[in-house]
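In what comes next, chain A is part of two complexes: it sits with chain B in the first one and with chain C in the second one.
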Partner chain A sequence: MTHLGHYPEGSRHLLMGNEAIVRGALEAGVRMAAGYPGTPSSEIIENLAAISKDPSLHLYVEWSVNEKVALEVASSASFAGLKTMAVMKQPGLNVAADYLLHLSGSGVRGAMVLVSADDPGALSSVNEGETRHYAKLMEIPLLEPGDFQEAKDMTRWAFELSDAIRNVVLVRTVTRLSHASGTVIMGRVPENDKQAFFKHDGFIIDPNEGVVMSPPVEYKHGEQHRKLKQAESLFENSPFNTYTGPDTPELLIITSSICSLYSREAVHMLGLESRVGILKIGTTYPLPRQLMKKHMAACDRIFFVEEVLPFLEEEVKIIAAECAADIGVKTFFGKKNGSLPMVGEMNPDKVIAALSKIMDTAMPQRDAAYAARAGAVAFGGSPHREATFCPGCPHRASFFTLNTALSMDNRNGFVCGDIGCYSMGVLPAGFSTLKTLHAMGSGTGVASGFGKLSKFGMDQPVLSVCGDSTFFHSAMPPLVNAIHNSSDMTLVVLDNSGTAMTGFQPHPGIERDAMGDTAATIDIPAVCRAMGAEVRVCDPFDLHHSRETLLELIGRKGVSVLVLKQGCALSPEKKSSRRYDMRVDETICAGESCGCNRMCTRVFACPGLVWDKEKTKARIDDVTCAGCGFCADICPRGAIVKKEVA
Partner chain B sequence: MNAVTLNVDPYNLIITGVGGQGNVMTSRAVGNMLSQLGLHVTIGETFGASQRGGSVMSHLRISKTASWSPQIPLGGAHMIVSMEPTETLRVLKDYGHPGVRVITNTRPFYPVGVISGQLSYPKDEEIRAWITELSEKAWFLNATEQAVALGNPVLGNVIMAGALAGTGELPLERGIFEAIMTTRFSGEKLRMNMDAYDFGVAHVAG
Partner chain C sequence: MPILGSTELFDDVHKKDLCVDCGACVGLCPYFVSHNGKIARLFPCTLPQGRCFAHCPKTEVDLNRLSTWMFGSEYDLSALGAVTDIRKAKAGPAMTDRGMFQNGGTVSALLTLGFRSGRITAAALTSRKGLTPEPVLAESEEAVLACSGSKYMASPTLSTVMKESASGSTRRMAVVGTACQMTALAQMRMNPLEREDFRDPVALSIGLFCTWALDTRKLKHLLKDHMDLDSIVSMDVPPPPAQVMTFNTSSGTVDIPLSDIRPLIPKGCGICPDMTAEFADVSVGALEGEPGWNTLIVRTARGAEWVEDAAAQGFLILEAMPEASLANLKTGALGKKKKALLRAKEDNCLNVAPEAGRSALVIDPERVESLLT
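Then we have the complex of A and B:
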């Protein structure tokens, strides 16, 4: 089978940004890659894992338990002289940051690249975090590819740079690059069978044979700065920094990443090619000072186009201030002066609007009558598509159980949420059950604290939820914390056997690893019991048993854990099989006059259960229903009938 | 390469539908066909909620000279290929203009709000009238029904790709499509894909 690693040198392929990053790493000769799944970064490790068995590539690829561990695992290969890569989404970089500070201080041996993916506009996240400040904080170089070809070429070059300066190099991508596709011309994938060996017997501060650590701090920190200076001087002549436009433009756009394409589009749409120049920066930190100075000397008005935070803007302003005597005083436009919004993702329209205002040129106007008419038609004609759980999703059942148990308990109990598909539990799709929503594992940490507030008179039951992957990622320490500190809380583990949200990557609870080999599994109920929690395991599709068990647990003091175990509806094993044939008995369903206020379709609202407007009765949609059988339990009259599939 | 012509440069194509219908497949197939002619193709898309019945959209920018941004400016679509009728209306609202052309699958995919009886879904005739009014030229076909007849609803995407080729708006060649499909399928599966493609071409040509 031909794959990403086999495309011949010089051939042209349409690659997703994440695939281009993979190809760049292969062309650099990467040997190890580790990461934790998170949109929009997941396809990088996924693609590497898919080809990891190819003997010509010599790869070890793993999904690590969390991002900090991924960075630690990946760094080991570097210490043993191999080329290595760690991959994560931006919130994961926060998790890995503790180790990164140490690693950047100790330096590396084999080339090491850290890829972090931002999600401007939070298209598939609960915040819009920024990677670039980490480069400054950790004092390591940062590269930002501006298109698909660069995603490949810059990843490859990032390894060369790391090799030259012997430190980690950070590569930042964004959703619109990682998940978009474009034409890429392939380079060469080298033959390589380098052996791993960790030299550790040399003089203690020897960078090649000594101890790998950040002390003695003054010496190592000084080395780190020298490396950063070395990177800056390489950046001065980098082909990844390009200028297009007149010699003395009226306005200089300074931009990076995918925003460089929006800038080009805006200049083109407004016909400003002869008046506005675009300086596209690929080597964002540390900025090449001489290059910046040269371009700023040619123009007094500067416009920054970037997302998420005004990072380029602030870095360039520092250089401008320091060089003011040589290059004169500049006027700046960007996020800081309100030319572009501080929040949300960028797009061509925002840049066009800002540019037309700065340059005082008319914007191409959309046909107003058409836009108004199309708006009116869509308003009435395209019903909103609300996000919801899939038909047969165990989370819908679990939240229904949690929600109804808390109402029955009647003490105003609440659930602290966490990150995964089940974050939708804040929405009507999950009966608005979740009342806090923060980082991976935070639901249980917050609940651990809430569970101590009885001292101040709080008598509400405290619950938290987390998925199976999240449990291993970061819910175990707060659970230990709650048990040790005698908190009163119940953790509900929504165990759907995989990292469903990002596409079923394996985790420590699953008997298969990233490369497809058999793996040892860690049993969640056994771990919780060993910690000292009161543990129960139920099938979330059994409403009555799950609810009774939950009511019992929230009535207790101390820490309890309920594991609701049922595979995700989309899991490869489940997708084509159904457990029950379902139907609504029309003679029993009382329709509008039932008094249940259409519990089944209005409240529970599984897409497999349809409200038949003509008959005013519920009906099973056979094409959509996944046959989980749960809805049979929610109808107070027993009108929904399930029959085991033979 | 020089023999290839585009009516406009960049040509902006939107392929839309509902998560799970397989749009990503269509945009990849079309993008690959054009890329093989030496054209610069950029496909912008977001996944995330795409498995879960939400609206999904791919933006294709096709150019002889350069890579364009993965987002088409408002009012800037030249062609909309839609797997779901009310999604066509949603896309026209932001990216339509009087000169836009549209190919729509007429089979509805109901949102949860409609299923649960909270929202209503417009009638087929209404949708057709609106789309016709808001476009320069519109083609309608029940690709899902035809795909089911051919043996698999997923083939609806191939029918839509064929229909796009049939309009002659873009230099899409049957031979290139067949070559791409041959790398993935053989035998009966390959034949089904080619039949679906040919059905699409014939439908709009007729």
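Then we have the complex of A and C:
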């Protein structure tokens, strides 16, 4: 991956969608990139960071504290005349949206691309938010690559477009494009070393030398529309919009992004190549009206294949209504009429089912013997496994502490959560401890409000959790809010020293930045103390100390913070080391009998502990156990023995 | 009576708010713990039968079975239960070191003899941090004196006994507790699950007379506006006509009207028919009108032996029980029985037919009827 900047022009390489985006940006001559980690977008900044030290590439790359700041940081380079990029997952775009509205109003100078990655089906998310509507809302152009080559080419062209219209261009990718790989033919990486300079002394509304701002609003907004029109006219002849199929198809599929591949597969599987045409749109907003009109004129039945929401469908329907006099009345199939489901990830099977119904053709049947065999293998071959924390994960220990402390406190206390590995606190893996789960930092904001409800007779202890990265991202403002408004709540910072969920990207608490340079660190307990909270720091692997401390804190009025600090079990520093050698003393283990009933394997359930059915005793799985030592504290008999590794 | 598991215990006792915090389900396993005057279940346990349910004084307690096992006589709902002797008692001259005895110091004297004579090496007692009662495993005469004085709050005292027993320790201990705690302790000593690894660690059980034991959290809540909880030195419930509870603090005495105190009585105390801790080797209470003395009831042979030795060695002074006090004690004890059985009937937790649910108490229905009519 570190060769991404040096693959020669014309060479072919297998690239992940996110790598293709990186290469496209390099071919465009990007100078700065900023983002906040979030699946499926993280590899873009990661790859750029990995090659950022290459002097020939002239790059500055950073993990910003959150997506709004990332967008702000990236835009500065544009204001100084450089090509720049901001990268985030879709929920992060919501965070950045406030600035984006201003930025799209002010316009940019150096070309600026905003890459937003959607996760249809919420494979690694807690929602399946849509990027595409933002293009309309913010009145900026939107490009949607449909394959790996396009991921590179369209990213590169997005910079050209931005340069032409002097505004931000939005590029939307999805998990199946970002995280899958395909062959990409390289273009040229230009050599240039442009100087940054911010001109600000010109006439106040001069786009090149004036003040960068969205007022005077009517004028700037008008400019923005002019730019959007300009983009639309460029889109009319864009090579990223392609049509395959007969001249006058019986059905026209209009599709974009990775759904274009599903559509092709469906048409092929049903043998409908001579009857169904596919119009693949790469320039989704604003839609090129003439192009759409031309294709709709040739066919009266139109089927939209897209994910997640019916964005194309609605945009096309507006054009169809406005052009009805010229192109006639159309029949539409898609999400709106129930041909395809409104929610969840799209896949070829769904498209095949809908298409066979619309075209009244039989679905291809799978060979019955094969189907039976496949079913049997799939059923018997893979044991059912719940999502769970890794062996030695400090979050399991922390949630055990939180959960048991709240039970002991016995006042129906609860924990408000947000996004991170620790979101699994809603599951049995985290003893079902989280009772609300929303956006980054939201647990603390919600808790801040709950903590004021004593006025209405609520006497339940209120807690929130956030990770260390989330603390900086968006938990600080709600914490300030709680303190200022005299809320009664306890924030538990699950500090595992890195943005673990997305692959250990650094954050402001880490003494290393995205490019690997030494960085100033911000001390979470000190920040909380300075804000005015009562603060304690414990090691989550010390059950008794952590629990006593938490019980003390939730017994108090006002805002308190408990930092449970312990590195992630998979962190590079910890991964192959063990603190303790563990074993179960079978002569003491009470197993299933009254007195234990398998506390370790039934309740705590670290994968490092296994239940030996024959011996009816617990056992440590030496291969899996990470040697954290915590389970020794939960065994009522002291049967789990830990020995410090020499 | 059926022995069930923690799910039923949780449903029948915790959810119905009948738990009296005795501690008999605590310390046996990882699931029941006590914190700040309340018992919590940390996680559900799936066992169909368990010691938690078997020990609990509020789940299917068959008083006749218990009486037969402990005294060889039926539970007849008589005022004071099985009695071999009743005396007026107080600590004797051999008790050179004195604690803050609640009354005559009889309890502390019996315990001191136990340690001095080597009958026991430990005692499950109750100390206090602020207003939170703390179970203590006393291992010396000094520790006994440090625990003297009554804490009128429900205390998970038995948790230390359960922990000792569950850990397979072989030492001999005395246990001091209220009536419900003595019931639970006796049930535990019966080895209800017939475990092979069971060993009864109890050398002497000393019951305390009890009308009620307050909810710790509620009491704290009430008192925190009246005094510094850490300054409380001792507390007492003076006999009628005084309608107050008295708290002696380092900065003076505070009286709280009983009308404020009564709402803090746990619901579980309301169905307890036992005022004199009937399922103990000996039971000790105040003696009406004579503050420096105790009422001492001897119930078992080993209790009698212990008391006699204590008197012989000067740890105890024994005198005849005044007739009038005895009569009043019986009236009071019977009064508690009637009230509790009426309440238990009302709450539908006395002698419930198996098909209709589960009982807290099981007592010969004919005897119940004759007492109540």
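Basically, the second predicted complex is superposed on the first by the 628 of 646 C-alpha atoms of A that agree within 3 Å, B and C clash if a C-alpha of one lies under 4 Å from a C-alpha of the other, contacts with A are read in each partner's own complex, and residues count from 1 in each chain.
In the analysis below, a contact is a pair of C-beta atoms (placed from the backbone, for glycine too) under 8 Å apart; a residue touches a chain by one contact, two chains touch by 3 or more.
Nothing here was measured: the structure is a model prediction, and the numbers come from that model.
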### Message
With the two structures overlaid on chain A, would chain B and chain C clash, or do they fit side by side?
### Response
fit
### Query
Is A:Leu309 contacted by the first partner chain B, the second partner chain C, both or neither?
neither
### Task
Considering only touches as defined above, state whether A:Ala50 meets chain B (first), chain C (second), both or neither.
neither
### Task
Considering only touches as defined above, state whether A:Gly375 meets chain B (first), chain C (second), both or neither.
first
### Message
I'd like to know which partner A:Phe389 touches here: chain B for first, chain C for second, both or neither.
### Response
first
### Query
Touch check for A:Thr404: first (chain B), second (chain C), both, or neither?
second
## Note on the structure
Partner touching more residues of chain A, chain B vs chain C, is chain B
### Message
Just to be sure I read the superposition right, which of the two partners does A:Cys416 touch: chain B = first, chain C = second, or both, or neither?
### Response
neither
#### Entry: Minimum C-alpha spacing, chains overlaid - chain B and chain C, in Å
12
### Task
Overlap the chain B and chain C contact sets on chain A and report the shared residues.
602
### Residues of chain A defined as touching chain B within the complex
2, 12-14, 39-40, 123-124, 147-149, 175-177, 179-183, 258, 261-262, 264-265, 269, 347-349, 352, 366-367, 370-371, 373-375, 377-378, 380-390, 429, 570, 598, 601-602, 605, 607, 609-611, 613, 621
### Task
Using the touch definition up top, name the residues of chain A that touch chain C in the complex.
403-404, 407-410, 431, 551, 592, 594-597, 599, 602-603, 634-636
### Query
Which residues of chain B touch chain A in the complex?
18, 28, 31-32, 35-36, 38, 40-49, 51-55, 66-75, 86-87, 89-90, 92-93, 96-98, 111-122, 126-127, 130, 133-134, 183
### Query
Which of the residues in chain C end up touching chain A in this complex?
28-31, 33, 35-36, 38, 40-43, 45-47, 49-52, 166, 193
